[in-house]
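Labels run A, B, C and D following the written order; every chain starts at residue 1.
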Amino acid sequence: MIVITKNSVSEERIAEIVHQIEKAGVQAHVSRGTDRTVIGIIGKAEPTLAEHLRQMKGVENVIKISKSYKLASRDFHPDDTIIEINGVKIGGEHLVIMGGPCAVETPEQIDEIARLVKAAGGQVLRGGAFKPRTGPYSFQGIGVEGLKMMAEAGRKHGLLTITEVMTPEYVDICSEYADILQVGTRNMQNFDLLRKLGTVKTPVLLKRGFSATYDEFLNAAEYILAGGNPNVMLCERGIRTFESYTRNTLDLAAIPVLQQLSHLPVISDPSHGTGRRELVEPMSKASVAAGANGLIIEMHTDPDNSMTGDGVQSLFPDQFANLLKELEQLGKLVGKRFETPKEPAEYFNTWIK
Amino acid sequence: MIVITKNSVSEERIAEIVHQIEKAGVQAHVSRGTDRTVIGIIGKAEPTLAEHLRQMKGVENVIKISKSYKLASRDFHPDDTIIEINGVKIGGEHLVIMGGPCAVETPEQIDEIARLVKAAGGQVLRGGAFKPRTGPYSFQGIGVEGLKMMAEAGRKHGLLTITEVMTPEYVDICSEYADILQVGTRNMQNFDLLRKLGTVKTPVLLKRGFSATYDEFLNAAEYILAGGNPNVMLCERGIRTFESYTRNTLDLAAIPVLQQLSHLPVISDPSHGTGRRELVEPMSKASVAAGANGLIIEMHTDPDNSMTGDGVQSLFPDQFANLLKELEQLGKLVGKRFETPKEPAEYFNTWIK
Amino acid sequence: MIVITKNSVSEERIAEIVHQIEKAGVQAHVSRGTDRTVIGIIGKAEPTLAEHLRQMKGVENVIKISKSYKLASRDFHPDDTIIEINGVKIGGEHLVIMGGPCAVETPEQIDEIARLVKAAGGQVLRGGAFKPRTGPYSFQGIGVEGLKMMAEAGRKHGLLTITEVMTPEYVDICSEYADILQVGTRNMQNFDLLRKLGTVKTPVLLKRGFSATYDEFLNAAEYILAGGNPNVMLCERGIRTFESYTRNTLDLAAIPVLQQLSHLPVISDPSHGTGRRELVEPMSKASVAAGANGLIIEMHTDPDNSMTGDGVQSLFPDQFANLLKELEQLGKLVGKRFETPKEPAEYFNTWIK
Amino acid sequence: MIVITKNSVSEERIAEIVHQIEKAGVQAHVSRGTDRTVIGIIGKAEPTLAEHLRQMKGVENVIKISKSYKLASRDFHPDDTIIEINGVKIGGEHLVIMGGPCAVETPEQIDEIARLVKAAGGQVLRGGAFKPRTGPYSFQGIGVEGLKMMAEAGRKHGLLTITEVMTPEYVDICSEYADILQVGTRNMQNFDLLRKLGTVKTPVLLKRGFSATYDEFLNAAEYILAGGNPNVMLCERGIRTFESYTRNTLDLAAIPVLQQLSHLPVISDPSHGTGRRELVEPMSKASVAAGANGLIIEMHTDPDNSMTGDGVQSLFPDQFANLLKELEQLGKLVGKRFETPKEPAEYFNTWIK
């Protein structure tokens, strides 16, 4: 940590700053420049020291050199974290594909989609039972019934399941039915939810807040890790920028950046990241080429009639299956293992429009 | 609502779109252009119709003409909402000043600050007991004890109190101790929290998400209003932009925009909106000149040693008192009523550094 | 300037970095922390040294402590710059009002508007002869004829004139006809244009690029100042953010920030900053309350028929005159001098719709 | 084009709007909703009509359905544009690699780098002679001498050359020495420069402004095309967002979006798009996977000592050569042709550190 003083600050003030640093049990190393004085802090300071120093008179800036997160940092944990759930490995050289509808609607809908996800080679079934919606009059999901339907479909077709949890009090019931809990973009800094997720062992897919920096994102993961749950995946799902043609701007550089800063698996969400069906395929390929450990993709058998309005970004099942075939080849070039079934084609013919 | 078709869509497809519109119980009005066909929808459609149509094949765009929120809209409620709490009026021609520390620290601290807020003319004491912090190792607030200390200080000095509530399960206890509940910027779309706040009558100050559009902001307010709590204030507290010199970019145009779109009071937060003490005074004045119904300002007797690190944006008590004197004059010019005590000066002398 | 090394860099590498610093004629002050080494640079380094060091292996970051601009900095020039043009003073305690149409259209149009600007108390007539337009098929301005019409109207009614110059080769002819040259937001980093403007003495109003940081903005001013032209005004005109309800987000904190960092006058443009007529009045007042040295406001006698489409953000003349009356009062409260004529009311009655 | 009126506008006002539409030679189709009236415009209107209508009283919004650019649109030109320069094809299924230093420094430097670019399989040598720099005291490029050095190096090693042109008066001399002219991000809306480039036939690589929307970007290309120069490539080079860890946010969705909207080749710049060497490789692969028609990559033999400070984002020559080998394989999977020489390895050994 470095403290930079304002122009021409008094010697008394510098002494006071040094005093505060030493009081915190670390050493101060003063370096006087022509304009400003720079004070380096040597030793492991409490995280609150930076905050304290920043607000002192005479201080222009405090620059943290060490990262504010620890358990999420690759400095702390050099090897890739690999999360294994019922034989499916997530992280490292493994490529995981999660597919399914925005929302669970009926038992028949989720069953058919689960069958198609499995047939195409996906390992995880996604589907929302509780939906975060901008306005109170939009469809809010079918709740616990949806959890049950999805759990049943996943069990039947041999898929893991992932669903979003929006509030601490639903963590337990969602954990009971789903294999992975998703924290949505709007809840990335819902700290009570993160704390609660730290108390369970269910793996968590943490979506980046649509305006969160990498540092804030990793600090959010740190809340879960610090609570005792080591099974966290990071998910880039697009950030909010001035460009409104796409729903969000999918920040693919986040993939290698997060993998350098952290050991946690990084998943890409090209569906929410673009909001347009025709962009899901190129952005899925680009995500894998950039090194993603997995993808979460919306797929629907009847996108025209999805209940949330997100059909516009959902792939048709044949698009989904063809994409997975291509990702299998692409993965080989960038060291990511993923296998699709040998013969899904005929099966898919039955429903292609 | 207007549906715009893609280039050269078939007549069959147009007929199908019209069919879906009529099935929803509203009328379709088809207008064929040289390139595209435009279908106007006449009548009151369900909010989900737009979502449904947007995802149909052949549809390029669906443009909503009516607003998605109703109870928050000035169309629905032409007169300004005025919230009255123990004789203090918020909204319309009244200017409300909320002041206090970022966090409640000790009984002595909050008592002294309350005395100073009152002496300067403020009507509401702010202070955090539960603090939302980017990282898990930062000071997280002192919790329920802080609520009690603040309630006591408010009662003693004749001030209303406002504090942040972060999760649904704390709404009841926070309501017990505080007069106004604050929803922080990171929780603006914590929908379970908003729904819970709709079930109480305690007034709510809803802060704009740092990347929320006006439309999303008003939809968040709509959740609370739709739940049955009509006492909502909107708070502009700065948005996240590319400029990092200031902590946020305080979007003052939000004040007149929100007042045109909605009847709810609009409060400005120049402390978080700028993150720098020296900008709080000019931005407070600018907020009042732009028509704000109130301000929420951080003030601390010992900013160098505030526990959250937000001292850097806190006014000293004399700055706070002088500012309120100036706002009293400025308010007169723009039709906002606010009165400061006749003789606070001597009192303030006792602690001025 | 401070160099921060990467984690566990070798002693040889540190020695090489120190060598490069000393080769540049300045001193290095090495401070070894637990993780990283910090090297302070003492003395006045060439601006290119930071760039050189940043790209060395083993260097994680280079932090500049001194500002990269000098002539634009208040450190260099503590007193406010006051630009005097034909008796009109811009800067310091003076409030200057520039008004007029987006584009000069006809001699009659600009003459009538000039008369109204003068009658309301404005000191400068604005009007575009060369218009920067997003697409090549939009109206591009009437060119040199427009310069002549505006010069004539300004002369007749006793107003200074300001017009936009878009390319170096037009600087001379624009200087011949106009009193102030405007650099538009899209040209803030048109460095050849800035260099050319440094070679003349005509005052320049430099608009902030819609995505320029304060630092980039002041560096753009530095180009003009370093070329030898000291007469530069800075203009905040709104930045591009995710919010699209307003045309731009008017960043009013820029006013006090720029006034702290620089001695140059700061003008606000609420017309482009909001893009909506109904927001011009509150944002004008807010700008003055925040300490602006002046305003540039679009006003048109027939906004429905303006040739650029910017009529939607133009005030009607009576709105303009009423606003200036209010700004006169507001200016008094914040130490800004501005006087409107005693009796403009009757005159304005003749055209009020 | 669609005009949406404000709530409860009078019949007289609607008639006046219709009158203005018909006066412009197109038809109006009025559709009365419960709240608002929608007026569709049928026929080819002048681009200025939208601007005119938008500013009329009673009009809430004007929505353009047709695009404002024509020559750049794929509607107008369904087949991919392929630009052929001395046998090198750019566009369609061809993948072009441009490599070289940020700035031309000496004849030896550019010669050696040209040799390495060629050996690795690159087809175009990049290098700046005129450099746009944020501040006036930074290295500004070596000017015309640099053009000559680069032309000589390109000729000797059988490479095309590309260099940046910053102002209209240098277009002719840059065209004389370089095969492709680059318009930098800060000049994307330097309309006089674009107009001048429309008058030559030299191919232009137009970089996206760092805050330009796709629509603005394509309109900037339209300026060049409308002037008579059909040889335009679009270059995504990162946009400015709130995230500052990377220099810019490389918006890879721009690649498929621009290819859908336009027929022009789309090039990606992962060097400026990330500003960090270690991200250039993954983002290069992701760009090709997303469908890019080419890449422009900074490469330097001595990045520690580049004169612009951009060494931090420059690849070393061996990284560059290895990357091109990988892109050759990746290109095959996504239908992009690109060949590297059979045996560059030994050559590269001579300088690898």
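Quick note on the criterion: contacts are C-beta pairs under 8 Å (C-beta built on N, C-alpha and C of every residue); 3 or more make two chains touch, one makes a residue touch a chain.
The shown structure was predicted, so the numbers you read here are calculated from the model rather than taken from an experiment.
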{"item": "Between the pairs A-C and B-C, the one where more C-beta pairs touch", "value": "B-C"}
{"item": "Chain located farthest away, centre of subunit A as origin (C-alpha)", "value": "C"}
{"item": "Inter-centroid spacing, subunit B versus subunit A (mean Cα positions, whole Å)", "value": "28"}
{"item": "Intercentroid distance (Cα basis), subunit C paired with subunit A, Å", "value": "40"}
{"item": "Between subunit B and subunit C, centroid-to-centroid distance (C-alpha), Å", "value": "31"}
{"item": "Set of subunit B residues in contact with two or more other chains", "value": "211, 215, 240-242, 244"}
{"item": "Touching residues (chain side subunit B, partner subunit D) in the complex", "value": "2, 4, 7, 29, 31-36, 38, 40-44, 63, 65-66, 75, 240-242, 244"}
{"item": "Subunit C-facing residues of subunit B, complex", "value": "211, 213-215, 239, 241-246, 249-253, 255-257, 260, 273-274, 278-279, 282-283, 285-291, 326, 329-330, 333-334"}
{"item": "Subunit C - residues contacting subunit D, complex", "value": "47-48, 50-52, 54-57, 68-69, 132-139, 166-169, 186-187, 189-193, 195, 210-211, 215-216, 219, 222-223, 226-227, 240, 303-312, 314"}
